[in-house]
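To keep things simple, chains are lettered A, B, C, D and E as they appear, and every chain counts its residues starting from 1.
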Amino acid sequence: MTTTTSQSSLHDPKAAGGRAGDKIFSGTALTAGIIILAILAFVALYLVIESLPALTAGEGELSHGKTSFWSYVGPMVVGTILASGVALLIATPVAVGVALFISHYAPKKLSQPIGYVIDLLAAIPSVVYGAWGMTFLGPLLVPLYEWLHEYAGWIPIFGGEPSQTGRTLFTASVVLAVMVLPIITSLCREIFVQTPKLHEEAALALGATRWEMVKMAVFPFARAGIVSAVMLGLGRALGETMAVALVLSPGALQASLISAGNQTIPAEIALNFPEAFGMRQNELIAAGLVLFVITLVVNMIARWIVSRHKEFSGAN
Amino acid sequence: GSNNPTPENTGGEANGGGSLSGTISGGGASSQEAAMTAWIDGFRSVESGATVQYNPVGSGSGREGFLAEQYIFAGSDAAMDAEELEASQQVCGPDGAFHIPGYISPVAVAFNLEGIDSLNLDAETIAGIFAGEITTWNDAAIADQNPDADLPDTPITVVHRADSSGTTENFTDYLAAAAADTWTWGVVEDWPQEIVAENAQGTQGVVGQVTATDGAITYSDASAVGDLGTVAVKVGEEYVPYSAEAAAKAVENSNPVEGAAENDMAVELDRNTTAEGSYPIVLVSYHIYCNEYADQETADLVKAFAEYVVSEDGQSTAEGSAGNAPISDSLRERALESISGIGVQG
Amino acid sequence: MSTMTNTDLENKGRSKLTAGQKPTWTWIACLAGAAVVAAAIMTVIGFNVAGWVITTAIGYVLAMYVTTRVIENGRKATDGLWTNLVVAAFLIALLPLVSVIWTVLSIGLPGLVEQGFLASDMLGITGAVDQQTAAEGTNVLGGVKHALIGSLLITLGATVISVPIGLLTSIYLVEYSRGGAFARAITFFVDVMTGIPSIVAGLFAAGLMMTLVGPGDNVMGFSAVIALSVLMIPVVVRSTEEMLRVVPNELREASYALGVRKWRTILKVVIPTAISGIASGVTLAIARVIGETAPILVTAGVAIQTNWNLFKDWMMSLPVYIYRQMMFPTAPAAPDPSEQRAWGAALLLIIIVMLLNLLARVIAKVFAPKKTGR
Amino acid sequence: MSKRIDAIDLNVYYGKFRAVEDVNINIDPKSVTAFIGPSGCGKTTFLRTLNRMHEVLPGAHVDGKLLLDGDDIYGPGVDPVSVRSMVGMVFQRPNPFPTMSIRENVLAGLKLNGKRISKGDADAVVEKSLRGANLWKEVKDRLDKPGSGLSGGQQQRLCIARTIAVEPEVILMDEPCSALDPISTLAVEDLIAELKEQYTVVIVTHNMQQAARVSDKTAFFNIAGTGKPGKLIEYAETSQIFNNPQEKATEDYVSGRFG
Amino acid sequence: MSKRIDAIDLNVYYGKFRAVEDVNINIDPKSVTAFIGPSGCGKTTFLRTLNRMHEVLPGAHVDGKLLLDGDDIYGPGVDPVSVRSMVGMVFQRPNPFPTMSIRENVLAGLKLNGKRISKGDADAVVEKSLRGANLWKEVKDRLDKPGSGLSGGQQQRLCIARTIAVEPEVILMDEPCSALDPISTLAVEDLIAELKEQYTVVIVTHNMQQAARVSDKTAFFNIAGTGKPGKLIEYAETSQIFNNPQEKATEDYVSGRFG
């Protein structure tokens, strides 16, 4: 077989078995990747098939006399994005702050237990968050809503009659914020601690204060990571079912976040699926498909943002 | 006690201290869950070898699961429509499925006003409150009917069900029939979005919300209202508070659904009734069975369970647990006759 | 300065380096001032402790900023401001944690310590029993055995499926793919998968099993296992991928240079080195799914008795148990016993997750690369 | 624009581990001082105490006095930030900020002071610093390109430019040439010779030829064994250290028996 | 147990970038060959092509022939794994497996490949290899302690022991002493002198004294500038390279003008 030498010691016949091992192992790993794509394809296929009737239904075919699927799902899309958006607005600064605290501010001995404690937040089941939001947080926020309405009522989001039960989109957003906080925190923390010491020390050696060092070295390095952490949190917030279903007192779309009203897609599905059949079921699954597409788009945007900043990132 | 409470029982194997064995699964209305838990437990003590399980997935899913052969029987707050009945022939043989009103429960209109346990209201006023037209408790419409009550000027907080619900359907059915001018949204399972109000998930959710909110009002399965004040509804010239008897009476006085089969006990409630002592806001939750099952074992098991549910023993067990209204004797007789027809597909 | 002894070198007067600094007691003054001002504001608009603490905190941060700015300089003031804000962020994040844990502990503890709570299921517990309990004030009967076992079995099943698939996928991503389109596709879709609403995963699993085993039989623990796996796999991939990436390349190269094949290198060098990170990633993934309600409800149904078989009959799980007991009490007229059971189960669930976390830490400790010496 | 440094009984610790023991040294202004010694003897550690960069590492602390023109930089109430803006530092591996352009990198330290500087002044500073670092000609046409796009040697000189832009009094350099090719090394060495006209320069090097070429005085550190603290063995004129060392250890080391 | 190496027109690439150009070199068995040259000239890169470790990096490839006792290791169908078990390698930074004990580290090359050996045989291999790496005495009482608990020099010798345990024919070393203190350096240098009795040894070093001390022949690589490929400039007896180099560049370099 070999052309160079008659009996090359490099062609060890026993090695063939070893090579097969490599092939099998890499093949298995590849298969696992393919399985994931297949599962996702199945999920997508299932969603599409089950929602086709609702998507293609004409006037009068939809349940409860809805005029069109899009006018049904549209307000909920807004509600879903609103709830997750407000949640992120609340959670992101706090989460980044906590991550910074753990990575750069807290005494080294404290930071590990603190990280553990924050991770615990992620471990609390969403039913418990829902129950907590419904029974404890909502009523707690009622005075705040009244205060906001009185003094900031001219801003549309505080415009509506404040809820007497506190079970509003804003409360739901706060609960979501609490739920996504540990996710964002732990990812940001991982990235912050990986900031090259080289760049941190470069900043400090120039006479930078700690905050200036964070601005010069940590944030530029972590920018992409923060974006993807926030996106991960957003994914969680968009898809959260039980907590929102328990906390929110849903209703038609409206600008005010402190009165009852608005609805998110996952909560709508959870609340109505049990009694749904026929077309109603198709509508709900179609709503699920819409949510799926939103997640997809959000992730694409995140990827885009991350890749746009790649060349500036400190990883070299 | 005996597990064969009725002489009509023809299934030979189905008597004696538990000769049956096997598992039957049902699914459907969550309104029946508490009662079903009691029935399952009671049935187990009569037929120790047999297991019944029930998944409270909701009426719609229950009917659908039944038609998809996922459940042997279904619990449903609403009767099957013609289309579903036709589909049931695929599963149940040529005679299809039939309904038994196994669970009857009054729907209370409950409120939280300090010091007031009961209010008299007519259908128009109730509709006005729930439509958001009457907004304070000392509104003339309420005060006129309750001269003795010391009504505060607290705003009324309407709390309705957030989820699709048979209770909502029955309640709006009453409003639409008895106060058609004020309630213009018809019979719905989902509360109309145009009415801005508070809401919560499930019976427990709305009751909890009302209990926590001064001046709130809701409608709910009467068994769950606890210490809340309740409304006596105007029927004819008198005000009738909810009660098991009043609810059972309303069902008894109702008419069979048009064109239903002989043994099908689906009913059309008369919400506008003026019959003395009947309470028209009542929820009837059916048990849906096949006329014919694929094998003898299943048929026997279903028959035994169905008989137990409507038996005096079964109904009182359920009442003790779930607080529903036991069905009247005449209804029971008709039900047992229908059930006795369950057989095996030829 | 003719003879240079060490002490002669030192400037004995004021050091130029410490000139113009604010005194050390500034922060006490600021805090006291802020507290007083806040109390004054509060008495005007109505006193309330929460408002007072918040106003004091804001006042303190502002006062520190302004004082530092005036006495020292803007840079120091900004630095101090951000330090205060970062600490504040941490304290704010602690609030809900403490509140949630306190709520669950205070409501859930009586339920959890109720005699027989862990050892019994709900067989024979009807509304009548609960009503009697409530009326007579006796011990609440019934427990979580069936839900506990169901949860553990289902989660174990999901772990057994997800961890190999997830781990192998991340091995593919880290060790085999060279950043090709396929690897990028997997990474992207794994991200998308993390966003699948849990209820959709449940519906999908129920539908899939329905077509595989037919209606009726598809309601079983295994369907829930599938649903949870869909939710769990992406989390496993994401976390283990990170952990594999941080294994130093020099260890891989050391192994290759010894003539060790790639797959053996991965199994015997890379994975053992990363095992602690992988363990904590897997725990995180378990924690993520063990608390799921909706997907289990629509796949495994509800049960009142213990079922050990994942492949037959319905199964209860802790989150479903919590949800049902809370929202649909066994006795509608006497919901208190159900509520007690629900919160007891919630506390149990949190404890389980905490134990899992601890376990992961122990595993991490035991298997972690030994780092003695330099 | 240059200060003297005096260390008095300085001990440097990493947690409990004493890395450097009892250093006493007087460094003259406007001179180049080289630290040499085997690996692990504490050259880097000691150098980093001179601008309080040592304490950035967790658990690291210092015991003793370090006077900068007579003021103890470890005295109570001294802000490390102000010390560091007087004592600049160039690291072993060039570390320009990757997200900044060349121009921004040079101005990075200056911007910190919060002073508003006009574009004209800024341009002047950039040119002066880059000229000072011998880099102006090579980069003047691409000031807005990222700093990380330069070669290693250019990056290192950019870091020097960044350091001299803030006009410190002392410049510390930790093996500034060890990552560089010979041409860049030459450029940096030439630069050091120029810098000492204005600054006090301290340089760590493991290259004895380099020490001999650039420094006025040389300090030799040594270590008795792993886990033992490093010590200052001998400190004298460079010519004396290389040609006529007083200590046996110094002689062994500079004769090339080790390292 | 030792082989000769012949490179014929070898070009080495990182993706499109040619890092090393047209190397022709013949390395004798049972000798020590040193590679010297300025940073970035491709010493490491070329060394890694000798046991096909280069191609482990994504995009890296090789063009030309590399004969090991006449067999082209880049020939079609050659399994890199069998090449690597013939040509062992020691890295710049000591890298014992952190999860393994000293004993397991030594046996890693055998055990990781799944070979079954009796405990007695294993013990013999461990002792022989550790003795061969001059480490036996220091660690024989703590073979079950983690390898990462050793000092840097000991770790490096452990890595050498691990390499010789698989009985290769050639041993490559990339700056094996650059992370070590002088005492450990001495130990490793002594070891290299012993190893050449049995193995062909190739060592990269940036320390010319070291090259002079340990090697029989020396290869000088150089680079024209950043982005240009590295080239083999001169290859000859070590004494000739240091005392009587033929090329101007070599002379500049070894006379210490650079690096």
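Basically, a contact is a pair of C-beta atoms (placed from the backbone, for glycine too) under 8 Å apart; a residue touches a chain by one contact, two chains touch by 3 or more.
For reference, the UniProt names are A = Phosphate transport system permease protein; C = Phosphate transport system permease protein PstA; D, E = Phosphate transport system ATP-binding protein.
Model, not experiment: these values are computed from the prediction.
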Maximum centroid distance from subunit D, chain identifier (CA atoms): B
Comparison of C-D and A-B (more C-beta pairs in contact): A-B
Gap in Å, rounded to a whole number, between the CA centres of subunit C and subunit B: 41
Subunit A and subunit C: spacing of chain centres that average the CA atoms, whole Å: 14
Intercentroid distance (Cα basis), subunit E paired with subunit A, Å: 49
Centroid spacing, where centroids are CA-atom means, of subunit B and subunit D in whole angstrom: 85
Multi-chain contact sites of subunit E, meaning residues that touch two or more partners: 81-82, 86, 113, 151-152
Sequence positions of subunit C contacting 2 or more other chains: 75-76, 261, 264, 298, 326, 374
Multi-chain contact residues (two or more partners), subunit B: 30, 57, 201, 205
Complex interface listing, subunit C residues touching subunit D: 4, 6, 9-11, 15-18, 21, 24, 73-76, 374
Touching residues (chain side subunit B, partner subunit A) in the complex: 30, 57-61, 63-64, 157, 162-166, 188-190, 193-194, 196-201, 205, 209, 212-213, 216
Subunit A - residues contacting subunit D, complex: 108, 196, 198-209, 212, 216-217, 220-221, 311-314, 316
Subunit C-touching residues of subunit E, taken from the complex the two chains share: 51, 53, 56, 58-59, 81-82, 84-86, 88-89, 91, 93, 95-99, 108-109, 111-114, 145-146, 148-152, 159, 162-163, 166
Touching residues on subunit A, where the partner in the complex is subunit C: 18-19, 21-22, 24-26, 28-33, 35-37, 39-40, 42-43, 46-47, 50, 93-98, 100-102, 105-106, 114, 116-129, 131-132, 135-137, 178, 181, 185, 190, 209-212, 214, 231-232, 235-236, 238-242, 265-266, 269-270, 273, 285, 288, 291-292, 295-296, 298-300, 302-303
